[in-house]
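We just call them A, B, C and D in the order they show up, numbering each chain from 1.
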Amino acid sequence: MAAKARIGILGASGYTGSELVRLLLAHPRVEIALLTADRKAGQEMRDVYPQFAPYALPKLVAIDGIDWAGLKLDLVFCALPHGTTQTVIKHLLANAPETKVVDLSADFRLTEPAAYARWYGHAHQAVELQQEAVYGLVEVYRREIKKARLVANPGCYTTCAQLPLVPLLKAKAIEPDEIVIDAKSGMTGAGRAAKENMLFSEVSEGFHAYGVGHHRHMAELDQEFSKAAGRDVLVSFTPHLLPMNRGILSTIYVRGRRGRTAEDLHVLLEKAYAKEPFVHVLPFGQTPQTRHVRGSNMTFIGLAKDRVPGRAIIVSALDNLVKGASGQAVQNMNLLLGYAETMGLEQVALFP
Amino acid sequence: MAAKARIGILGASGYTGSELVRLLLAHPRVEIALLTADRKAGQEMRDVYPQFAPYALPKLVAIDGIDWAGLKLDLVFCALPHGTTQTVIKHLLANAPETKVVDLSADFRLTEPAAYARWYGHAHQAVELQQEAVYGLVEVYRREIKKARLVANPGCYTTCAQLPLVPLLKAKAIEPDEIVIDAKSGMTGAGRAAKENMLFSEVSEGFHAYGVGHHRHMAELDQEFSKAAGRDVLVSFTPHLLPMNRGILSTIYVRGRRGRTAEDLHVLLEKAYAKEPFVHVLPFGQTPQTRHVRGSNMTFIGLAKDRVPGRAIIVSALDNLVKGASGQAVQNMNLLLGYAETMGLEQVALFP
Amino acid sequence: MAAKARIGILGASGYTGSELVRLLLAHPRVEIALLTADRKAGQEMRDVYPQFAPYALPKLVAIDGIDWAGLKLDLVFCALPHGTTQTVIKHLLANAPETKVVDLSADFRLTEPAAYARWYGHAHQAVELQQEAVYGLVEVYRREIKKARLVANPGCYTTCAQLPLVPLLKAKAIEPDEIVIDAKSGMTGAGRAAKENMLFSEVSEGFHAYGVGHHRHMAELDQEFSKAAGRDVLVSFTPHLLPMNRGILSTIYVRGRRGRTAEDLHVLLEKAYAKEPFVHVLPFGQTPQTRHVRGSNMTFIGLAKDRVPGRAIIVSALDNLVKGASGQAVQNMNLLLGYAETMGLEQVALFP
Amino acid sequence: MAAKARIGILGASGYTGSELVRLLLAHPRVEIALLTADRKAGQEMRDVYPQFAPYALPKLVAIDGIDWAGLKLDLVFCALPHGTTQTVIKHLLANAPETKVVDLSADFRLTEPAAYARWYGHAHQAVELQQEAVYGLVEVYRREIKKARLVANPGCYTTCAQLPLVPLLKAKAIEPDEIVIDAKSGMTGAGRAAKENMLFSEVSEGFHAYGVGHHRHMAELDQEFSKAAGRDVLVSFTPHLLPMNRGILSTIYVRGRRGRTAEDLHVLLEKAYAKEPFVHVLPFGQTPQTRHVRGSNMTFIGLAKDRVPGRAIIVSALDNLVKGASGQAVQNMNLLLGYAETMGLEQVALFP
């Protein structure tokens, strides 16, 4: 039997952390060697997530005392809040420079120090690593990821918007100034922090937009869309919260350029993703549902003709905790460790 | 005590029918004298909706044998499927021409026979009544409704989109060719028909768009928006289904005309609705949640600046069964019968 | 127009507080003169509960500086956490002894100081008031309540269990030592405190029991069941949390005494509640659903024969925030102020 | 690579059918060779369940024309409605006697022809096979299953009740005449038939009991409990429907015999399941939640002391579509085909 890579998960008590555990327990070539959770240090993972009670897992520890060099981890997933992340990873890589890192926070997604400072209100604390980091949208940066040490795993909203739009912008097939992205996310995207507005009784049987006009995820979209289009792109983007746990669905309104019809755009998407294991383009006119990707690493994309001449409506759907976070992180891990890209990610969606 | 008007409800076993019963049981000036439900004729209302068990209500009867003249109803709510509605109302008014009618179907919403034929695929069966009918969006047509005999109660999606957009289009304050309406509805909007895709297990924990590019509600929007703007208006409109029962939220993307800023648009909406009892405009930058209008006849409207220069994002929310259907129908009834417009509609939203 | 009573609500930012506001806004004979919320003092009610934005309400204030004598309130609802409640009410009644109080906490439900100390781990801080307080289960103590100054509003679980069981125990019709109460509650019963285990993502799509074998509500059941039976009664009681907001359903397993059949027990319940406006006994063999009492002050009770000889299964359902808390509190208020008992409580259940 | 067994699934368009497909797609030693769905014959599985769009699967066919002998299936899962099942399997085994069958219907669970006739109202149509069939509760009948040809997969409610109770009854540790089982199931347990009372709007935000006093699953419980206890056992059993998709939780009230304490009962359960891969007994006093077994083949069992002397409360939880149906069916398949019992069933629960 092939050797197993030794893996650490920083921030194992959050939802992306527990999702990493779920996926890695089914991965044949890894061994979970470290789980951290500062506020829950000393507890067993089963105390924090009872679903893991039947499995043997390391006890949760605090980050502070960790001997990074001694642990000899092959790869670390970092699922910590943004801000603290950059300091932790800087320290980790200073002490264990051979360790590979997949970071699920926003800390290394923006490549420009100035853009980071503008959106986050302070200078980046690890600018050299910021320069080194590779943006981990596998379908776009697969080649660069394979050679990387530090991968910045994309956000959930932005993955769902980029997968349909990047190929169209690269092909200059849509008008970059008329893109509207209306995005809806399940509640797990908001994390596990105990806040009044996230209580069941506040959330169930209701729906609302938030951050209207000024959501931070736009920084990442601006960067990647501008890169794809070869010019500045500024999109309208509105996030909403759904009374359900998992799933993001983005409804995207675009106008074809130079006579491109909706059918033309669909052909472009089909070609772009013909060989991708985790992106499935539906037949023309069909649109996807979040429930059919729940728990899987799959993204479903549909495109239909708008009745407004020249316009098309794209709908993309993924599970925000899998392809939108931990599944994509494992996909990145597979590339970094030289494994088959789909290893451990074959689970079919759980529906109903 | 003032005399009570005698009311009939056709199609009492559907959700808009039961919602009418709920509202009318709390209305001090009406008496429910007739309830029809063809497939459930002979049953008690409590068999079909157990919440009415403690109340005295007429037994459900079939429409066919009704003696319209003899019943001497003051007003009839018609909550039947579109298509059959026009024949039923034609017959009713032929036999009881003094009776007032509020129709909740789509049958009398389009004023042009040609538009009706194009969208529904057949000629209208009661063209004279189609001409007579008044479109029942109270905030726009209050004066006409007061004098009407037959009112076409607006659709739920269209009420939610028209309330914020009609004043802006009338004021020529927004660009009519760049309107995108992304609408999300609770499941009660889909009715009570037993269909596989409406089962709990199919719907819960998921979200999807439907009718992408070609939803019938657009006919009503085209008509009313074009009338308001004084020119043809064609909007992008995508409906979605939420895993919850009640509530519609529309996220609407607009561009100001002739230098109108988001703040200008907000002032216009505030002025338009300053005295309306059932439309509440939130402070600039705040946006509403469906849960805060659940069970009430209220519409909440918010408007925020988009980061894309010159653009604004409007969010409107209402309960599809109340202001989007039966509540607005009672509001119309109050106008038709000369009652205070808010009578029986004072219930505060049920949250949580 | 008759004068309106001046009402105060202590703890208006919790769910029972907001539910009192919802009900009182529709009550023709009261005026909300005081709203307190210590942590949210200074805010408008609309900031805490946006559904109240269209209504004029007093600003939220802290309890500490209140001039109870000067306010001249006719009645105060106290919706504070247990423990602090007894001190607040003692102070209030010392300064405004004419004011009537309906307390929604558990502080005055136990009549025995010793029982209170045993269940709550400390001596009661207002023993005289504890003696004075009347237990506010209207259907059982209506006469006493009318003459009271301080009413201890019953708990939601206990109301749902007492309404079907008290008449049967009083009639000595069931075996007191073989009662099993399996109770399920919607999440609003757990309040609005921001706790991790009450987050939407933790609660949705799941179900569990809690406090198995040792829930505090049992104290109240012990007291009232023993009083009804004329001997000590100790029941098995297990509460569970449902992934929904409102509603308690109790499934109760009993054995008839001295040959009483299930049919006999049903007749007893029908007789006990024949004239009660807020308790509806279903036909023999039918059992209720929580959705059909949502938002209303109604309790539905059903009783069916068990296949185990001599046993019956009772199912009772109510809305925990209405008949289980604020609706019953308003019902008590009506008695205390000499109003019709059903005033302001006529709302029909909101279904679907 | 080892050869793959050829598998057929009859009734693939229902929820247990699609769940079998989900599990078998992740099983390394099987190949799905046949999918039937009479009303959807001719469609692709992706049309019926879009989550399977990325996978190659045989087209759905009708049962009638199948050449059982020619297909050379190693094993068939039968997920058809009860009643028709017995005829289909009789025909299948007559033509392909070497094929093994795991039947998920109720048709072969009762071993007594008389019991079958009494509960189902007609004589069994395949009495010989009824005699041959082995009851497929693996933890109890593992040895018999390994040698069987036809396995009757247990029901979901009954699996959830038997796993905790059978060891206690066998040990004569609890009083057989005082067992109360209060069971709650997610909606997928009710299947995919389009019925009004299963619509989302009817089910969400509500809870109810059904079949009170006379549910058919009791036949299976009577048979197995009586066998375990060595005498007739008749339990009180009430099923309820939860507003969620997956999960059964049974709250079970028992009394220890001959001085057995709750702690004694817990020790018995721990011993019984110490080596079982799919049954996990929680520490004494802890009780499980359905969400922590969702999507997995795991059963969690907890036991706590009741405050009523001599009594204990047991709570067991499983996913009705996995351990309660298709997962247990795959577990049976593994035994029948000589594979490792856990093969393909290692998925960790999906939470949140």
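Please note the rule applied: a contact is a pair of C-beta atoms (placed from the backbone, for glycine too) under 8 Å apart; a residue touches a chain by one contact, two chains touch by 3 or more.
Keep in mind that what you see is a predicted model, and the values were worked out from it rather than measured.
Q: Between C-D and B-C, which chain pair is linked by the larger number of C-beta contacts?
A: C-D
Q: Let me spell it out: compute each chain's centre from its C-alpha atoms, then which one is farthest from chain C's centre?
A: Centre of mass proxy via C-alpha means gives A as farthest from chain C.
Q: As a quick test, compute the distance in whole Å between the mean CA positions of chain B and chain C.
A: Distance between chain centres: 36 Å.
Q: CA centre of chain A versus CA centre of chain C: separation in Å?
A: 46
Q: Measure off the straight-line distance from the CA centroid of chain C to the CA centroid of chain D, and report it in whole Å.
A: 40
Q: Find every residue in chain B that makes contact with two or more other chains and list them.
A: Chain B, residues with two or more chain partners: 15, 188, 201-202, 204-205, 243-246, 288-289, 291-292, 294, 351-352.
Q: Taking the touch rule as given, give the residues of chain C at its contact with chain A in the complex, in rising order.
A: Within the complex, chain C contacts chain A at residues 15, 187-188, 190, 192, 194-196, 198-205, 243-245.
Q: Quick one: in the complex, what on chain A touches chain B?
A: Going by the criterion above, the answer is residues 178, 180, 182, 184, 201-202, 204-210, 212-214, 218, 234-236, 238, 240, 242-247, 249, 251, 253, 285, 287-292, 294, 302, 304-308, 311, 313, 315, 317, 351-352.
Q: Would you mind writing out the residues of chain D in touch with chain A in their complex?
A: 15, 18, 21-22, 25-26, 49-55, 188, 204-205, 245-246, 280, 282, 288-289, 291-296, 298, 300, 346-352
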